[in-house]
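Scroll down for the structure; my scribbles are underneath it.
Chain nomenclature is as follows: A, B, C, D, E and F, assigned in order of appearance, with residue numbering initiated at 1 for each chain independently.
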């Protein structure tokens, strides 16, 4: 394992095939924890992972990330999500320039939502890169894998109900033995045979209307409640 | 409820206080469902929601969204995530120009990851907007709310273990009666008193090292397995 | 002809060599027509064109386009022109990814000005693409072709008048049997021999000053009238 | 009239209420004219216009503009259209900073397509600016004004044919006494009363199908001919 | 002084009027120093400055910056300059959101060229911010201030030689008692009375041609030598 | 030498291996010089350089550049630095399209800071380009070359003081016989053997603390003085 505390020569000699990029944040953490909490945790976890992984290039945790939800409170610093995406891209392309094409990214701040589309976008645009998250279900843990992911019983029922003439038979039921994050790594064509992940054979178009009624009732309640509660919390909207 | 099938005058007269923006996608859906599946479902659900909500402006479902994971298969069309974020922003600003400041966004395509950071970013940059997702736990469903969200027992234990001198007592335990998505709507300052959501009082720094060992062991297994399996699936990396 | 109402497999089997991308808009259409007018017309025309063309991939009409000139009136939704250009680029690159390199774009909304530079830009940057508009004069309709396009009698007269020492003889007169839009498809080098399209031999430098006087008189009248009328319509300028 | 050949103090004292921004290009102009042709002509015309207009700030003609269609031939230099749009925006905002809010833009290079959407976008986003093109029909020349522009007989016939239930009576016929460019300056709400410009009363839905048949036949011929001719000119498509 | 190792509450209570943003880099540093050298030095200097300054918010040194010149050597990570500019802007706007409007930026990596235009751009666009570099001549050190900065003897001689009719007398000689960096902080209008910084009275148009001859001779030698040496070092240019 | 006053054919026949791109500005120049001063000087110098260089393509000086520091005074026009960077990139890529890969850029306006990172960025991203500044020390002028540039005695002393365990011996002292600008042209790997430019052997870690004390004392004085003087000049900060 090498880090930025090594010399360039040491890193060149180690010739690490993998890089680890921890992503932290600088955001308020209650009245008792430092603003640096996620950044410290990202470095700590990165260090532990790298030691266990063996030969890799452990990068320093990114301190400046995307924490707009904490900006009410002093000390929080946030990038816009689009800026964080560019930072990730530039770091990944630097690693690629040095011939490191396997990259592990993780974050200790759950609100860095933009990492997922960024990782998928980079894997798609640079097919010579293999960028993965650091966590997910193991391939042997089939019970943790989603059974219904795409074009399965729910979606088939929906189109049978909405536009039945568009449904052409049923793709075979398929249980892809992967976690959802594999779609970001390898794409649907690599993890399924027909593009279906789920059980079209069990589609129940009759039940669709009922399940939609229940969903709509619930969502309308949620929307009404949410706007009402936001008005209570934030007061009436002040226009510019 | 008004839609783009109404005239401008009808929309002006209805003066809808809320808009609904469904987001679909155009992506392969197995061998039996149309590429338009998510787009059709988004329009169907939007229609149902709008009818139930009453006076609102239902926009047509966005067809062109972010589906890079399905690009292996014919017919899929994808925007880059950054382009989709700009499309959402422009639509939201058009609604704001017309005085509609409450906006409900939902997607039938789970891979439109970029919606979450975009909604949060727009709520933060335009404080006169209230943009929400269409779904989440109701405020009365306390059992579905996350108990540990931020600065609670896990993070407190971590900093106690890593840099104990940085921990200043304990913020009071706090169970915020909200779903996580409220951070994207209102921010942490509005949904907690001290910025803590969880139970710092239960932090166990002694257990931290053990829990980290377990986590690292698992993640290393995951990383090794994932790269190995990707190589099997995709073959060796071909450099440019 | 295949559409997004087909399955991915059907599209793959049809292997369409051409795609059609209709571009609509969502903008007020008087007191009697729906906001969706251009979008509906784009889909209708797309359908008719695709049926007549034979094997092609007909995409759904883009609903969200560039209509800032209608934003005074309720219901209109506009993208910025730069966002629409990115949407077009991403869709075109998705088609290219699938091996479809002949793309026909048309719009039912005249104000989507940004399509022209975008199509030219993409044709220039991706020489393996052939992107065209859906309409223009047929090659047999020589009478509809512009006679003076570039470096012809008007421009030659101008430079003879302004900086005569820079004029090196006369390129041969040339009537390129193309509509102007061919410059966006193939470029000047492909549609002319010398880069001249017009009649340099007829350049009249003596007449230049007179024609400029007339033009200037007219333009000054136009500018004065326009600012005066805008002030009448919009009132005095209110500074921030 | 002041120019960049004046001192700052002279410009401040003149306090010009209007600026003129000529836009040229650097592109091949046949075998006999210089690459600078459009740039020279833009400066020449700008000079003439400014002298005739009186107190104004004449800027130097932009040399670097958007000429991708001439890039086959030596000497041509092009910006991407998106870069040219940013240049225009920055110059306009500099003038606004100095309190000059009436801006006349013109180009001697017809291919600078991006000027139109840029001018409209800036007029929309900065309501305290009045940016106009330098040319168009005078308001007294009613015969040059378009009679059918928006929501008139053609569009009404189309929706009556496609989705008749969406048509709500007829907006009054309206002949807006403006050129089309006024939509970029002032918007539809300012130049019409109902958003209609044309004659809905003359809509002929029965004729729609026939006119569409003719249009489709013609367009299909155009598309086929164009792709065939492009293949002849450019050879088969070479994929990357 | 507070840092990200403080809690949000401590930072709020300190209410620091100034923030310090150190900018490092991750780049090779010979065979004996770590890649982190500039980052370590930035944190060290930041700490020392903050302690001496008193109440301020010391941010962690930016690790990921702009080091393209070291990318030949392993371990170097670089952002593009445009990405670094966005990172700086987002951090500055976060501080502004918290009411901290005095910001000191410094870098230990000389190649972060983009900081200067970024600081000036932000000071210009946000007049309520005061962003400065951490170093420069003290105002009492008149001897270190540049005597000729703008519109002084050299530039006056040049225009007298090139276009003498454009020169309107002489602005009074002026020695602005500031370092050049003040132009980035306050602008020319604030640091001079007439916009002149130098000695127009000493302009020598006769000497202009001679001095230009010398300069041109030297520059041509430099250009020839540089291209020749680059070819020697890098070999012939390989086209794509 | 050819210019834009030549025809395309003349430029093609000259087949110039080098292009010269002068960059001026439009900014106030005291009460006696024109706003165009830097632009005129850039064209004048470009002309002289090109004549002396021989076969090259001299481009017209860029008029619109980055002069935010002069925006207090009438007539100044500025691009944002990021826009100027895009303009440079587009011009460079146009030259590259025509096969001209040796490009000399210079500016007569010292505030065009963004040129340096832009030139370096383009040289890095397009290895088939050789873009240089027009001036610097000649390779024979060793006395003008910086002795300490990177990883030399100062930086070595710093890391010996801060984190001595990270220092791995000493790279050999090295005096690279280049000016600093060579890092933007060729990169550190090409101009040094070990990445060191300076004298690590002379590092004095004991002196580090003293030199830092002096530096900090001075910088704190500078920061305090600068903010105080800015407040005097600009008045108290007015928040939005």
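Following the convention adopted for this analysis, contacts are C-beta pairs under 8 Å (C-beta built on N, C-alpha and C of every residue); 3 or more make two chains touch, one makes a residue touch a chain.
Quick caveat, the model's predicted, so the values are computed rather than measured.
Trainee: Which contact partners do subunit B and subunit D have in common?
Mentor: Looking at subunit D and subunit B together, the chains touching each of them are C, E.
Trainee: Taking each chain's centre as the mean of its CA atoms, which one is farthest from the centre of subunit D?
Mentor: A
Trainee: When the CA atoms of subunit D are placed over those of subunit E, what is the turn angle between 0 and 180 degrees, to the nearest 5?
Mentor: 120
Trainee: Nearest whole angstrom, what separates the Cα centre of subunit D from the Cα centre of subunit F?
Mentor: About 38 Å, centre to centre.
Trainee: Just how far, in Å, is the C-alpha centre of subunit C from the one of subunit A?
Mentor: It comes to 40 Å between the two C-alpha centres.
Trainee: Find every residue in subunit E that makes contact with two or more other chains and list them.
Mentor: Counting only residues that touch two or more other chains, subunit E contributes 5, 7-9, 28-34, 36, 71, 73, 80, 163, 166, 168, 194-195.
Trainee: Taking chains as nodes and touches as edges, what kind of graph is this: line, ring, star, complete or other?
Mentor: Drawn as a graph, the chains match no named shape, so other.
Trainee: On the basis of the stated criterion, which chains touch which? Give every pair.
Mentor: A-B, A-C, A-E, A-F, B-C, B-D, B-E, C-D, C-F, D-E, D-F, E-F
Trainee: Provide the residue numbers of subunit A that touch subunit E in the complex, in ascending order.
Mentor: Checking each residue of subunit A against subunit E gives 2-9, 11-12, 26, 28-36, 39, 57, 59-60, 62-64, 71, 73-80, 83, 86-87, 90-91, 94-95, 97-98.
Trainee: Subunit C touches which residues of subunit A in the complex?
Mentor: Answer in residue numbers: 163, 166, 168, 194-195.
Trainee: Could you please specify the touching residues of subunit C with respect to subunit A in the complex?
Mentor: The touching residues are 5, 7-10.
Trainee: Spell out the residues on subunit A that touch subunit B in their complex, using ranges where they run on.
Mentor: Within the complex, subunit A touches subunit B at residues 18, 28-34, 36-38, 40-41, 44-45, 48-49, 52-53, 66, 68-73, 80-82, 85, 99, 101-102, 104, 106, 110-111, 113-114, 116-118, 120-121, 124, 127-128, 130, 132, 134-136, 138-139, 150-151, 155-156, 158-159, 162-163, 166-171, 180, 183-191, 194-196, 200, 212, 215-227, 229-230, 233-234, 237-240.
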